[in-house]
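Okay, so chain A shows up in both of these, paired with chain B first and chain C after.
On to the complex of A and B.
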């Protein structure tokens, strides 16, 4: 376990800012308790200072996980957000997409969001913007990246992809052994 | 009724609570530590080790608890709370002592001559003003004469002779000299710490060249014949921030990175909207409509322009 280097922090923050924009500051500058980012076995954890200090005394091979896993660095050095970060993304998300009940299951099996399944979308969402996907009764299901801006979606046919799937809560079952 | 038995048993229990040793126990309530300096009684130790150790430990813990219970307590919802006194045991420091600073040139000279250091006061007595004034700084004694409304000019002085400026220049020169000496002292201190820097540099250079040549083969040094006494090639050791750093500092760094990222994205957006195309649409509309926007442009296009009608 170690703090992120500057390059790593840049990658992580850029990825998070794509979803939550300026609210990122709220994650770092919290009023309740100091929180920090820590890297452990290529995974980035968002953890309170108190539990981080407790985890210091655990040897590296024995430490399985701490705090909330936000994602991991791939071997090629890119940062990938994981579904475990959804709690915080949903809390601070700038752009949101709601999907109809008939589109929930396809999305939870790892498919992209089609126009036919789209219930609502935040106005003036730009293209390639990170969005959090909700069900119609406001339960966060996952997140992804928009394929088109809100304006462009009007003239699309119902089978066109609107949001590229990145992570969904179905991964808690599908990737249980590698997730944390 | 005979209560002597009860009294005796009570007294015996009281006695158990009081620990008496030949050398009194050293109790440090701050660290919750008891140190027993008494020598080990060899006979009873060898007879029954467990019992002896248990008895010694019991005495120590008893002594500690009786000291703790004597401390003042404050009631709280979780039961009585006791503030421990500051610890008396001195623990060794974690880090080595800082190295003494190398002496400056003046300090060397003063030592050789046996000159004692004298502390100068910040204030000096001014006879004329009859009050204490600063030695330097605001209204300082060293600036005396620079603000004088009248000063004597010597015979044969130059036409543009300015006595106030002269004084000021000489003061500035003294400051500059002191700064130069400070730098020289610093340089000397640095020089003494690394001996024969040239030779070290050369050694490092050779090592670097050797390392480069060793990995400059087709297999990047993997299948080369090992020479005798050749050491394993060491890579660059990565260095990371310590985990125990203060969170405040970390937070500050993260916020700095975020603001940097924001600036970058803003710049990128600007370039995308304005820099890529040949025609900057926003700017064109602004200049065509005279800063009123595209809506004004469409409104005006239907009517004849009234702007030209200058009287």
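On to the complex of A and C.
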């Protein structure tokens, strides 16, 4: 467990900013309690400083997880956001997509969001923008990247892909072994 | 979706049925089985009434009869046609009400089929009629039907009682338990289909085949046949109940016994040791014989003074235990161990209950949602559920579900956790407070850990430990899925714990155990546990409990509590371990668990006596509480110095100190020669010339002076 280096933080913040934009500041300067980012075995954890200090007592080979895992650094040095970060992304997301009940299960099985399944979308979402996907009753289901801007979606046919799938809560069941 | 399509969902239910339905749904002391069976029986007359309606409508084609008058005449006609059968029917219903609902319960499937067919039939006729000239009237009828139809749909939702502070909940829970228990009590009689049951089933099927497809004409006859069968089965049930009552009855046993034996034609004979040997060689007795013998043994042991026939009590007990082992498939060791936990009749109940699965329960994750909202969301997905009981305000019991309950979007979004009802108990007993430091020593797969984090509202810190690294994966996944942000997951052997980090406000130890409380979940326990396993496990548990107690900070302002729990019912994993901890750590004491139900722990068991306060711990049994067998003990850890000095140690210590003072001091005179000897040895080792022995005193004097 160690703090992130300069380059690492840059990668992480760039990824986060794609989803929550300026709200990133809310994550770093929290009014309630100081929080910090920590790297442990290639994974980035976002944890309150009080928890972090106590977790220092746990030896490195025995520590499995602390706080919330945001994602991991791949072997090629890229940062990949994981579904476990959804809580914070959903809280601060700038652009949102709601999908209809008939689109919930296809998305939870790891498919992209089609236009036919689109319920609502934030106005003026640009292309290739990170968005959080919600069900119609506002349960966050995952996140992804838009394939088209909101304006372009109007003239698409119903089977066209609207949001590229990046992560969904179904991974808790599918990828439990590899997630941690 | 037109009005007709909606109507197709089912024929409009008459008001009487709605009332009946609601009554059944109200959390009263009625059984689940009854609730299903009853509206079924009552709905049939309703359908016939409609049949009557159609005929009247057809019979008077030209008149535009007002709805009210039409209804009246229908009622009359319906009555004249069906009056006889209806009166008979109501009688049958009453009977089966009085004599236990088993018959109704068994009927449900076939009756459902009949109903479905009937529905299709009636809907067809509806469609035909809709085309005719009386559409206006039919619309009226349908409107009426819809109005009634809506009620039962809305009924359950409204009736669903989620208020945690409602008295009815508890009553319902108790009622359910009771009914469950009574059902299980007469199970031993029913577990093997008797000859009469089988034959009656066969004949029924045969008669159904004879009748062929259901038509309007034979509908009535069929329903009458069904009723007759229900009555027959009710009678059979009655007989069985009476038999059971005879077994249980204590006052008039002598009379009954004589009658029984005459009826059976053979006297109960307890096999001798030789006979049992022979029986074993022959490949074991058949099931019916074993069952009957068990019943007899239970009866005799229940009233041994009157009923023994010159045989020793141990012979009966041995026979019963070996029969239990062979009947339920336990190894002899475990059968005996579990048998001795209960009185005779209750032991059988316990073994019976282990054959029946426990209800599926879920826990609402209060970090994400509320129970009311979750229940609503799941009901919309076709899940039939109800609050567990008054003792918890986050638990829901799932009766049936049309979707996999472990893969709904709500589950994946972390709104609930699939968790046995018994797993709520240790966390409720621990009752962690916000901003505390809490340890869960053996936490995978995280049901209790996430419950604790939810109770602490994501403040403070929860250390979730599990020795098995592979299991920490699912633990971490669950922690993240349920949105617990204050959890640190680590993987140590629990016995290392106060060394890793200590000073916790509260500690939960859900110790690894033999699993004798969850035999219904994992039947392999029946055969794969030996005496050695129990010894090893209780040894491990004793080590863990001391480590857990040492991890608690006695100076904690808000806490200083420790909860020990197992999913086992044996005494050497529970009371014995707790008693050991009380003896080893004088600064801990047992306190009330805060659980208002459960049996008190044993203070003495088969020659062992435990500390009196062990009765404050709680035991939970499958046959009594309808949850897994479980054990919960809550300790309060106090500052060690105060209690120790004030107690017996004060008397012991001074004496010990005196002894120590005597022994510890150096006796220089005595040591002189040893010192001298080692000096000479050292000199020789260095290659120096060793002085002769008689010159030793001056050298030693110099040494002492230097010292």
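The rule is short, and it goes like this: the second predicted complex is superposed on the first by the 179 of 180 C-alpha atoms of A that agree within 3 Å, B and C clash if a C-alpha of one lies under 4 Å from a C-alpha of the other, contacts with A are read in each partner's own complex, and residues count from 1 in each chain.
Criterion: a contact is a pair of C-beta atoms (placed from the backbone, for glycine too) under 8 Å apart; a residue touches a chain by one contact, two chains touch by 3 or more.
Just so you know, these numbers come straight off a predicted model, no measurement behind them.
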Touching partner for A:170 - first (chain B), second (chain C), both, neither: second
Chain B versus chain C as contact partner of A:66, first or second or both or neither: second
Which of chain B and chain C A:28 touches, first, second, both or neither: first
Chain B versus chain C as contact partner of A:151, first or second or both or neither: neither
Larger contact residue set on chain A - chain B or chain C: C
Which superposed partner A:50 touches (first chain B, second chain C, both, neither): second
Which of chain B and chain C A:13 touches, first, second, both or neither: first
Touching partner for A:3 - first (chain B), second (chain C), both, neither: first
Partner chain(s) touched by A:136 [first = chain B, second = chain C, both, neither]: neither
Complex contact set, residues of chain C against chain A: 377, 406-407, 409-410, 412-415, 437, 461, 463, 469, 472-477, 479-481, 483, 485-492, 500-501
Footprint of chain B on chain A - complex, ascending: 1-3, 5-6, 9-10, 13-14, 17, 22, 24-25, 28-29, 34, 36-38, 49, 52-53, 56
Chain A residues within the chain C interface of the complex: 47-48, 50-51, 54-55, 57-59, 62-69, 84, 87, 104-105, 108, 135, 137, 139-141, 169-170, 172-173, 176-177, 179-180
Chain A partner contacts - residues on chain B that touch it in the complex: 240-245, 247-248, 250-251, 253-255, 257-258, 261-262, 265
